[in-house]
Structures are given as structure tokens and as C-alpha cells.
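In the part that follows, the structures are each spelled out as C-alpha cells.
Note that subunit A is present in both complexes that follow, paired respectively with subunit B and with subunit C.
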Partner chain A sequence: MLSRSKFTLFTVALLIMALALAGCGGKADNKQAAEKVFVFAQGSDPRGLDPAFVDDGESANPIVNIYDTLVRYKSGSTEIEPALATEWTPSPDGKEWTFKLRQNVKFHDGTPFNADAVVYSVSRQLPPQRTDDMPYASFTFGPVQKVEKVDDYTVKFILSDPYAPFLANLAMALAAPIVSPAAVEKYGKDFIDNPVGTGPFKFAEWKKGQQIELVANKEYWGGAPKLDKLVYKFVKENSVRASELRTGAVQAMNGVDPNDVKMLEDAGVKVIKNPGMNINYLAFFSNKKPFDNPKLREAVSHAINRQNLVEFLYQGLAELPNGVLPSFMPGYDKTLAPYDYNPEKAKQLLAEAGYPNGLKTTLLTYSTVRPYNPVGGDKLAAAIQADLRKVGIEAEIKTYPWKEYKEIYTPEIVKEGDMMLYGWIGDNGDPDNFLSLLETKEIKSTLNTGKYSNKKVDELLVKGRTAQAMEERNAAYSELQKIVEKDAPWVFLSHSKDMAAYNSNVEGMDLHPTGVIFFRDVDIKK
Partner chain B sequence: MLRYVAQRLLLLIPVLFGVSLFVFLVLHLFTADPAAMMLGQHATAEQVEALRKQLGLNDPIYMQFWRFLTDMLQGDFGRSLMTRAPVMEEILNRLPATIELALASIIIASAVGITVGVISAVKQYSIFDYLSMIGALAGVSMPIFWLGLMLIILFSVTLGWLPVSGRTDIGLDPATITNFYIIDSLLTRDWDALVAALRHLALPAIALASYSTAIIARMTRSTMLEVIRQDYIRTARAKGLGERIVVYRHALRNALIPVVTVIGLQMGQLLGGAVLTETVFSWPGIGSLLINAIMAGDYPLVQGSVIIIATTYVVVNLVVDVLYSYLDPRIHYS
Partner chain C sequence: MSDTVTSPAGAGAGVQYSPAADFWKRLKKNKLAMVSLAFLLLLVFLALFAGMVAPYDPYEGNMPMSLKGPSADHLLGTDELGRDILSRIIYGTQISLRVGIIAVSIALMAGMFFGSVAGYYGGRIDNLIMRFMDIMLAFPSLLLAIAFMMVLGKGIENAIIAIAIVSVPEYARIVRGSVLSVKENEYVQAARTIGCNDGQIIFRHILPNVMAPLIVRSTLGISAAILETAALGFLGLGVQPPYAEWGTMLGSGRGYLFNAPHLVTFPGIAITLTVMAFNLFGDGLRDALDPRLRR
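Here is the complex of A and B:
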């Protein structure tokens, strides 16, 4: 055993070490002062950094800064602007899209970006090369039959049908980014850990479970980024991430816990609360009694106090929708005004619909928290139940675990239940991605949860999909949204807000509606 | 002795078989369809079915278990569904971080626990005794998760002494030879890296050590009290030996045998507690790997991690049992 003197020595050594540790914290900071290192904290490692093989937000974040897409979203909206493609023209029948490519762009490995690279990036995700573990390939390139090189800086996409939303697909963080063919060949399966793109930041290192380090691509075609290094640090707990931000060890974070917002703001941290690309809704099963009666749907729409839900249930961290589309999306009609909260009117409509003594009904819900419903399906259902009771509608709530819930609504008539709570997270920022959830043909795929069917709506969706000019598309979507507003197949409950927080010395930071942060223009003030 | 060790090693087989069976059944019977989880919201039923077939998920469960067992015996736990890397590789990448944390904690817990225990016993019913035993009660009762958050708020956010999370400073690029950051930085004489590694290790190690420290302190105190009342202690005192020699040489040495058992058991506990500590402090060890794997429904990775943790637990206990016979010549295994 330790003798007395050894023991004393040991204790003293421990004490000295502790003091030394507490004292010398500043060294690493001096090293950082020379270059601008931006540390961004997110919840976990990406699944991978090959855009063809991932489907999670943790991957999308670094991916949009390592790679470029042919077209990209404008900041703050999902409208499209040029990126690696400088211009594009669809053929008159809408089945062929020709893209002129940006010249003098190089991948991070020094190989040139050209038509071959685009053909390679896309073709590996088209049949027959497409594999089952490419989660977004069939969505993003769904209508694409072939992609061809016209000349070194021109490519042509050949679609099976005219499909206008295709352009928005090419801006997505998943599947669409253009990869270096040379690097994919070189790394093979390991490309997922060794990404090479043309984006503003080059991949440097991935320490699994800890961080990913990117360095500035000084030759970026859009101008060198202002930061020298961009580090994604993985910090699992929301509150721990917030502590990191408060100590200044990280400059920004996503996934802010609603309970931490006030604490962070009091500490001088800026919190971004942007409406996200999602919709939280209640769907009526409008193909069967009783909600095949539009009057009854209208009655329920008047009975639910949506303003209260947004303000109290979601604590202001959600926005009140005017229809299916979030307001930042192209095609959003500003003139919409859905049925307002009016319990008297609801009672009256209920009587007119043949239920003067009230109605017994069933509301289906899920037990988990969803991105569009951060309080969970059961709390939302309870709030709606209370509102409905006030106008004489007695709604029984049936709750299912999320996995089973997705199996409840078969394409046929749903046996139990009259209404259900559900939601949608947008993929590509195109209006069709949201509005087609109400299309008759999507009843079969179960995406049209309420089994709403309206010929005019179907026609307008086809028109919006095939029209070339955005104005023409928007006109079709305006008309469609007005029909839906009146028909009330859904009650539009909320658009959940996305949050990110950053320190006050950060400039140019914004959370894009698609949930990612583009760092090409972000800077740190000294 | 060798025979005993061999026997114990043989016993490992049914234990690990049981663990494997349990983990396998829980994951396969009670969790969501991994094929559906891998493919995401746009997958068609046919795609899910094709992937299920490819992963062998449609085979009868005993066949799947047999395949899992035979692969495992060859050290092959399959590939992670999340990262597509071999599970064994993922685990080996993370294991050093967990061991480093567990060792740091056991050192803190043993040093503090034994010291406090001895002083409490020698000065029984003193203020120190009362305070330290109240502290020990708190240490046993406090959830690691909560304690971790409190330590962060106090030492990192409020006082700014220590970093919040992670294993080293961002911007420092320590050489990784063994993946034990402390050993690596010593080997390369990179003192900045050593300081950074120790500073990052401090809070998680303290949080993780809290429970074990308390247990060890209480155990040391009670065995010390027992030993101090023995005849040979009275004899030693009667001989006129100094109090310190009596306490440290005669009493402590004998009191330590049960304490070593407890320390050994705590080593296993620490690996379990590491799951929570690693999550709070984003410590990139096997515990945080396991949590991520559970969240993502990555069943090969969950199976692999649990089995590795269980194996370590069993082996550590074996090592402790063997150590006894060295500490106490009266103990013989045959």
C-alpha cells in the first residue's frame, strides 16, 4: 500500500495538476485567433457525406457547404436561382431540359467540373445503377430517364413526362449535389467518408463522434468564403449545446430547446425562429360519412381555435397557416383566408348539416413528437377535443404509436375514425410537393391521408406540373388553393418554426427554410 | 489457479450466449422495421420488401439468430445501418475514449473514496465523518445526468474554468496513435494536447466517479471500523506503534480486500454509467455510440455495443477475482 509520504506526494501532485488545468485554458485560443474558425454544434454525426446515400438533416448541413447543385434556393425562400448551371431551357413539350454549365469551376481534388461530371453524378442514381440504399434517388430523379452530355458545358435531362417541379429537385441537399467522378472512382464505398465537391468548403477530417472539419475553398467560383475553417461539432444534448454556445466555445447551433430560448436571449445570444418547410394538419376522411358533407368540415374548421394552438400549445414557436403552403414558398397565394374561429357559426353549420343535437365522432392521433408537432400528437388531439366539445362535437381520441399509425390509413376506406392528425415535411420547396398531397391518385400511395378527391384540383395540379412559366404555374396554384380553402379537406393547424442560435459576433447567418445553413457568406466579427 | 481461470472463462460462454440471445430478441421483436427506417419517407412497400430480403429479415427468427451468432464468433458483428462501416470498426474506434474515461474515474473514485473512508473511520463521529457520509449519501443518490449538467453550469458556463464537452480543443490536432489521448500526447510530448485532454476529461470523470466514490468511501469506512476493533490492532497499539503506522500499515491493508472487490465491481458500473456521462458531455465513447445507435434503430450496432460492454463487465469481474489471491494469500482458488 501507499506509504504516508507517497500518499502525500500523490495528493500534492493531484492538487498541482488540478490548479494547472484550471489555469491554462488560453493556449489553444491564441492559435485560433490567427485564422477564423467557426464552430457549429449539431446533435450528432451525419450518416455520411455522399449525397446519394443519406436522408438526414445532420448530413444535409455539411453537404450543402461541401457541394454545389446545378440550381440553388434563394436565401430565405425556395425560389430557384443559378448555381453550377448558369441558364436552363425546357423544350416546348417540357420533357427535355437543357442546362448550360458554369465554366472554369474545379472540384476540390483539382479535377474540372463539366458535363461529364453532371452525367456521372446523376447517372449513378438512375436505373440500372441505382441501388436500394439510395433513399432520395427515386424522389429527386423520379421523372428523369436519361441525362446526356451535349458538349463539354451543356447537359440535357430527358424526362418521362413534363414535370416542372423537377427544377426544384435539382436544388435539394440530398441526391442532387454534384460529386467529383474522379473521387468517387478513387474512394469507391469510402467516398461517403471522403467527400469531394465544388462547394465553398473542402472536406478535411471527420473524427467520428466528435467533429467534422472543413477548410475554405479559396478558389470558390462564388468568391472565397470569409471563414478559414468550418467545424461541425457533435453535441448530443440540447442544453449542453446551449452551454457551449454561452461559453463561446461554439459560434452557433441548431436544435434549440424551446425552454432554453429565453435563457439564451438573456445571455445575448441571437435566436433565429423561422417558419419551417412543413405543415401540421387535421384531415377529414372526406370519402365517407359523416365528413363527406362539406358543411360539417366547415363547422369543425370554425370550431378549432387555431390562434390559441399556435400561441399557447406551441408557445409561439409555430406560425398560423393560411393554407397548405408555408408563406415563403413559390405559389403561395397571399389572398387566402381560411375559416376563422367562430363557435357560433360552427354550431349553426352543425345544425344545418343535420346535427342540431351535436355529433359523436372519432379523432385518430399518434403518440410521438413530430417535427411539425413538437408537443406530440396526444396533446394536440386533447386541445382540439376541448375546442370541439364547446360546439357540441364529442370527439373520442384514439392514439397509436407512430409506426402503427402509418399502417392505419389504408388506401381503402378507413374503418375506424373520422378525422386524423398528420403532417408533412417538404422535400424540394416546390408547391407541387405540398399540394399534390390532395391529389386523387395519391389516395393509393396513402400520401393523400384524408382521401380527398376533387376533379378540378386534380386538373389544376397537372396544369401546375406541366406548365413552363412560373406565372402560369402560380395562376393554377392560386385557383387550386382557393378551392381547397373553401372545400376544407384539412384544418391547417400550424407551420412549426425551425430554430438556430448564434453568438452576437457572427454576421450573415441565416437558417434556410429547408433547415440547413449555408456558410458561404457567414463571417465572424473580431 | 489456472484451472480456476479456465473454469471462469468457460462460464463466459453461457453468460455471453444469454446476453446475445436477450439483446437479439429484444431488438428483433420490439423495435421498428430496420428496412423501413433505412429507406425513409419515400420508400415504396416493394423497396422495403426487397431490402428486408437482402438483409435476411424475412427468414425465421432462429435462423437469423444462428447467423448472427456464427458471424459474431468470428468477430463479425455486421455493418452499421447508419454509417455502413463494420460494427467492430465503429466500436474499436470508440472504445479507447470509454476506457480512458472509466480509468480516470476509477482513479478519482479510489483516491478520494479510500482517503475519505479512512479518515471517517479513524475519526468516527467527528464533523468530518458526518459531512463526508452525508456527501457519500448525496453521491449515491444524485443522478449522473443531472450532476453532469450542474458541473457544466458551474465550472464551464459560470466560472469558465473547464470546457463543456468533447475530448480535446478544436483547432488542436493531436496525433492519434493509440486513440488514448493522454497516452498519445505523452508519447508525442505534445503538452498542449495533454493539457487539453486532461481539461476535457476532468468534468466527465468527476461526474462519472461520483457514485463510485461514495460507494468506495462507505465501504472503506465500514471495513476500517471493523478492522480497527480487531485484536491485532490492539496488539499493535499496545506494542507502542505510532498511530499512523497502525492505521496505514496494519489496519488499511487488511481493510482493503473488500474495498478492492467493490472497486472492481465499480469498474463494471462505470462502463454502464458511461452511457449517461458520455451523452451529457458528448464524450465520443461506446456509450454515446450506443445511444445514437438506439435512436437511429441501428440494430447491428446496438447488438455489437451491448455485447462488447457485457463482455468487458464479465472480464473485469474475473480479473478482480484473480487479483484477490494476490492481495490476500488466504484466498485460494482451486
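Here is the complex of A and C:
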């Protein structure tokens, strides 16, 4: 009896082992034949996937891989190369641009890409069709009056004025990508959840709050991408994203927490640290009390220890700004010297502004991490709050989820608070792209978050935009930045280094200066 | 000794009987409860004299000193803004105790009112009140508290209200049960006969006799309230920065779990010890107050 039960046990064990082995074998076989799935972790959902209606980096990341633009940036720089347009010629006065389009390109829905598609994509964002919820339309297309079809594969843009950043703008991730007219007509308002472009990856599925799945566009005009599937997974916590990367659950991530860099590098993960084309700033609502008073803005600027923020909060993985523009960008003026850290001066200014006994105020912030603020809005706000406290300014912090944040600061008069934290990620490498955030007309488009308005600044922006020679533009931008420096509509907190991390088996990964990752050439090594 | 009037309970013992002394004697025997009591008294002391006891200003950041581990200068280390964690934990007792005690007091009063009305009058009123309480009990209390916070907005006052509201049903049920069990007693009948009105009967005669289970429940309730505050703080709903609250400290420190674990360990220990102390003390109280356990 004993031997019998032993025998049974033995048989059962054998069976289990056989099954397990079979399972393993099956899995291994599957894997070899299996698709190359690349999972990329980012901090939150995109606001949407229709390039006309969104303005955030989380949206830009999938958008650049679903859509193409007429011209595109070279890898690693903001120089322009052909994409959907093969060649282009400006008229001598700089007011007309003619583009020859690439032939035999199809949208993911099978409809052909041609001049009509370009006219449709752009025209829907030009007046009179432009609506208020298109945050980038006026920014990207600037003085574009009209876009015309010349023949099936030629289009002409007509501008009201010469516009220096025009070509670079057509390569931007937002507003500029060409959408399928048939799909926009089919989905209407829901196109934002059902994007159709010509890019290297096709949209497959969006599980809100979890992930977006894209599949390879095998017929991509630039050659089929090496990956079969690209998944954007949304993981809010920096540390969770980092540990998922370490365990191999994801292949790459952005928004690396400065605190995690060493831990990741020790674990064999590669960390990209590029000088970032971004600005992390605090904006005063300068169109209402109390910060319509420039003295008070100056006081706060003196009270924030920016050097400490860069050095300790961001652990040196950021640069100290001297103004709006990062140091590597055209238009940067190294002679600028914004208000330094000087708590005594701050107290004095506070008293002069009529608040000798201190000031109670409200600081608005967002709860997520941002590419320009990798430690998250709440921590940055707490650090600033602690600094302000030392000079007698009591700042109440109000934190909002990223998706709600926009609704809070959008109204012309913001009721919820007096200052806000925000940032900007450059789109096209042109100084106008940063500096026009302070233009009066951008208040309406919500890009001018602090509602700062100065006629002289507006004039200089126009001057810089229409001038053809770079020296002329730089002179205008220098003058402009000096005014801004004095007016202090923002406190320039940091230029965060662009960081992304990826596993060592990933090839061809690069973080573009515009903050996005193009996946057309990315591969996973076996 | 022999000529003193002895109460029925003390008759056999032949000593003068005092319920309070008896209770204290029983409680004293419970070592765990006494240790807990000492710890709780220490917490109260820390909360009252936080300003004097704390070695640093809990809100004063010193960035160059950020994320340093425990040292002689900072016994429990510093957080991401260079604030002293020990000082923040000490100031945190103020918030935790305040929320715990106020929330439980509100819940207790509301619960006593609804419970005694339901138990005393019975019938339709009873059904109406208690079914409503049942509905509230059907939801996990933390979930309900989060829902209330969403409506009320963030902040400590709202956290107190939310926690109080969600714990009302428990007290109401206890009170109702106790009222049901004593309302037909002779002394209640007697009170009614001599013309006391309902209010007098409930408050003078019934409620004092159902206090024992309530005291025990409230002590345990404080620990639950502290835990819920910490949970709300962890989720970023409770106390807003820069105020030091244990759960908020945990929440903001979890990003540093790998390179500065002291940011979460010490507030975590503080929460655990406090909640445990209230629970053990509550258990001790129950044992000491329960008449069935006498002798």
C-alpha cells in the first residue's frame, strides 16, 4: 500500500513536471515568433490625440508616432528635413510658401494623402473654422491666412506677413500634423479618441487611465517600423515607473525622478540626460490684485532660492535660468541677470508694496510630475512655500489633478489663486516659441498663463517674428527679455534636463530636444 | 464598617464600594492597557507642548540639509525640503489627536442622538433612522470619507467632518441597542410614572446607563479616525502642506522609498504605535468595564 501511494505520488509529480515543461516550451516558442512589444511608461494620460485640440507633452508623445508633419526635425536637433513634403520654396517676400507633397502615401484608414488632406488639416484650424478650444492653432500657424491646393500634390500657404519660425512650426507635434479628413468627418468630436494619421504607428486602443496601444504601420512610407506594437502605459508615480523599468515590465520611461537616477544607473538602466528645451516657472496673475503690483512680484522673485531648488530639489539635474530661454537656444542673452535670492530685499519690497506685516496668498499647482518638473508640482510648491514663509509671505497651496488644472487657470480672472506653477516645453527650437508665451494675444489661447500684458513686449515679438536676419531678431529678443526681466511676470525656476531611461536591450532610442521620442527607428534587441 | 450603608454589589466584600475605584483597580491589573495609557499621555503632552519639545521649526526648510538620514543633529533625519522629521512627527500628534478626538466627539453626539431616538421611540422613526444608518454602513468607511472630501473639498476641517459623518452609524447602533435593553427597566418605568418627559428620561436615566460600551467604542473609534486621517492625508486629500500630518508625510515620502527610507518609516511607526495604543487601551477599558468579567 505504501509503495502504491508512493507510485501515485510519483506519477502525479511527473505529470505536473511534464505539463510545466510543456507550458514553458510553449511560451518560449511564442516569444520567438511573438511580436516586439515596446512598453513606454509616462506620468499620465494624454489630454487627447487630435493634434488640433491638445497642448501637453503627454499627448505629443503618441501624436508624433501616429501622425506625420509636412516637414520634420532631424534626429537630435531642431533642423528641418523633408517628411510629407519633399521640397518647398518660399516666395521672395516671404509671404508665400509652396510645398511639393510626397506621393503614394496612405492614411491608416486607407484614404490617400494628398493636397486636399493638407488643406483640410490646416484649414480647420484657421479662421473662421478655428474654435477657442484649439490651443495651438494661432500659435503654430501664426500669420497663415489661407492654404490652397495647386494640384493634387502641391499646396501653397499664404501668409499675411513674413514669419521667421514658419517652417519650423510645420514640424511641431501639435496643430501641425496632418490628419485624415475622412476620419475627422466620420468621428466628428470623437476623433480626439480615434486618431488617424500617416505615421509609423496606427492607433489601436485607448484604455483611459491605463494605456494606449499602437500597432506598426507596415506600409509606412519611410519603411515599416521595427517594433510591432507600441504601448504607452500611464504610471503616475515616479518611483513606481522606475521600479517597473528595473523589473522589465516596461522598456522605457520619461519623467525620471532626480532621486532615482543613481539607483537606475546602478541597476544597468541607461539614463538620457540632455539639456532640456523647457522652462519651469511660477507665474503671477498680473492682471489682478495683489500681483498687479510689480513690487510684490519683485519681492517674491527675491524670496525664492532658485539656486537651492536646482541644486537640491532637482539634485543638480537642472540648470538655473537667467530668463525664459535655455542657454543653447538662439536668442539667448547671457547678460541677463534676473532678481537674485535676497530675503532681506524681499522683506523690504514687501513693506514698500504695502504689506509690512506679511502677505497671505494662494499658490496653485498640479499634482503630477512634468517633464520640466520631475519631482512633481506638490513638492515644488512646498519648497517655494517654505522659502516664502521666511520673508513673511504665507502661501496656501491648492493642488489640482493635471486634467482639471487647465480649467482652473483658463478664466481671464482666476478666482482660485494668485500665483501658479507651470512650465513650457519648446516645440520647434525657435525663440518666438518661448517668448510669445508672454504676448497679450495669447491670454485668450490660455498659453499666457499669468495674463501678463505689455505693449512694448508685444511690439518686439512682432518685430522678431517678421525680421528675416537672425541678428535683427536677436536684438529684438534681447530688448524684450530685458523688459520681462524687470517686469517679473514669472519667476524662472529651472530648465530641467530632459531625462528618459531605457533598458539596455533597447536600440535607437533618443530623446528629441522637443521632449518627445520618435519610435520609427527604435528596436528591441534579443 | 458594619454600620455603613452598603450597596448590593459591595455587600459580600464588606468594604465601601465605589465603581470608579473598582474600575481603576481592574484597569491597573492590565499591563498592556497601562503601558498604552502612559504612551497616550505622552502623546497628549507632546501635542500640548509641541512648540517647546520639538527641536526645530517643523515648517522651516533647509534645502542643503535635505534627505539626510538620522544623525545627532536630526535624530530622525530630514525630509525632501530639509525639514526635521522628528519635529514634524511631534507637531503631527497635534493634528492626529485633534482629528481623532473632535471627529469622534461629533460622531458620538450625533450617534447618541439618533440611536437613542430610534431606540426609545421605536416603530417608524426607528426604521427610518436605522435603515439610513445601514445604507451608510454598507459602504467602506474610507471610500465614503473620500466621497465626502470630494464634495466638501480638501483640508483638515473637512477631513474631520467627513470622518465624523462616516462613523456616526456605529455609535447610533450601539446606543440604540443599549437603549432597547434598558428602556423597559423598572427605573425607567418609575421615571415615567413620576412624570418625567421623554427628554429627561433619555438623557438623565437611560444614557448614563449605556455609557460604558460607548466609552470603549469611542476609544477604539479614535484610533480608527487617526488611521482614516492618515489615509486621507496619504491620498493628498487631508491636511494641506506645509502642515505636518503623519499620513501626508508618508504620502510625500513614498517617492524616496529607495534612497531615503527614513522619510516613510518614522511617520509609519508613529501611526502604528498610536493606533495600537488606542486599541490596547480600548480593550483594557472594555475588560475593566464589562460587568460579566467581574470576579
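The definition used in the following text is that the second predicted complex is superposed on the first by the 280 of 526 C-alpha atoms of A that agree within 3 Å, B and C clash if a C-alpha of one lies under 4 Å from a C-alpha of the other, contacts with A are read in each partner's own complex, and residues count from 1 in each chain.
Just so it is clear, a residue touches a chain if its C-beta (ideal position, glycine included) is under 8 Å from a C-beta of that chain, and two chains touch if they have at least 3 such contacts.
Small disclaimer: the values here were computed from a predicted structure and weren't measured.
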item	value
Contacts of A:263 with subunit B and subunit C, given as first, second, both or neither	second
First (subunit B), second (subunit C), both or neither touched by A:385	second
Partner chain in contact with A:207 - subunit B first, subunit C second, else both or neither	first
Subunit B versus subunit C as contact partner of A:217, first or second or both or neither	neither
Contacts of A:254 with subunit B and subunit C, given as first, second, both or neither	neither
Which superposed partner A:312 touches (first subunit B, second subunit C, both, neither)	second
Superposition-derived comparison: subunit B or subunit C, residues of subunit A touched	B
Partner chain(s) touched by A:237 [first = subunit B, second = subunit C, both, neither]	both
Partner chain in contact with A:367 - subunit B first, subunit C second, else both or neither	second
Subunit A residues contacted in one complex by subunit B, in the other by subunit C	237, 239
Residues of subunit B defined as touching subunit A within the complex	32-33, 38-43, 47, 50-51, 54, 82-84, 90, 93-94, 97, 111, 115, 149, 152-153, 156-157, 160-167, 169-172, 192, 195-196, 198-199, 202, 244, 248-249, 252-253, 256, 279-282, 284-285, 288-289, 291-292, 295
Touch list for subunit A against partner subunit C, complex	237-239, 242, 257, 259-260, 262-263, 305, 308-309, 311-313, 367, 375-376, 378-379, 381-383, 385-387, 389-390, 396-399
Subunit A residues within the subunit B interface of the complex	1-4, 7, 10-11, 14, 17-18, 20-22, 24-25, 27-28, 31-32, 37, 39, 44-45, 47-48, 53, 55, 132-133, 135-136, 138-139, 189, 192, 207-211, 229, 231, 233-237, 239-240, 243-244, 246-247, 249, 403, 425, 427
Contact set on subunit C toward subunit A in their complex	59-61, 63-64, 66-67, 80-83, 154, 236, 240-242, 252, 254-260
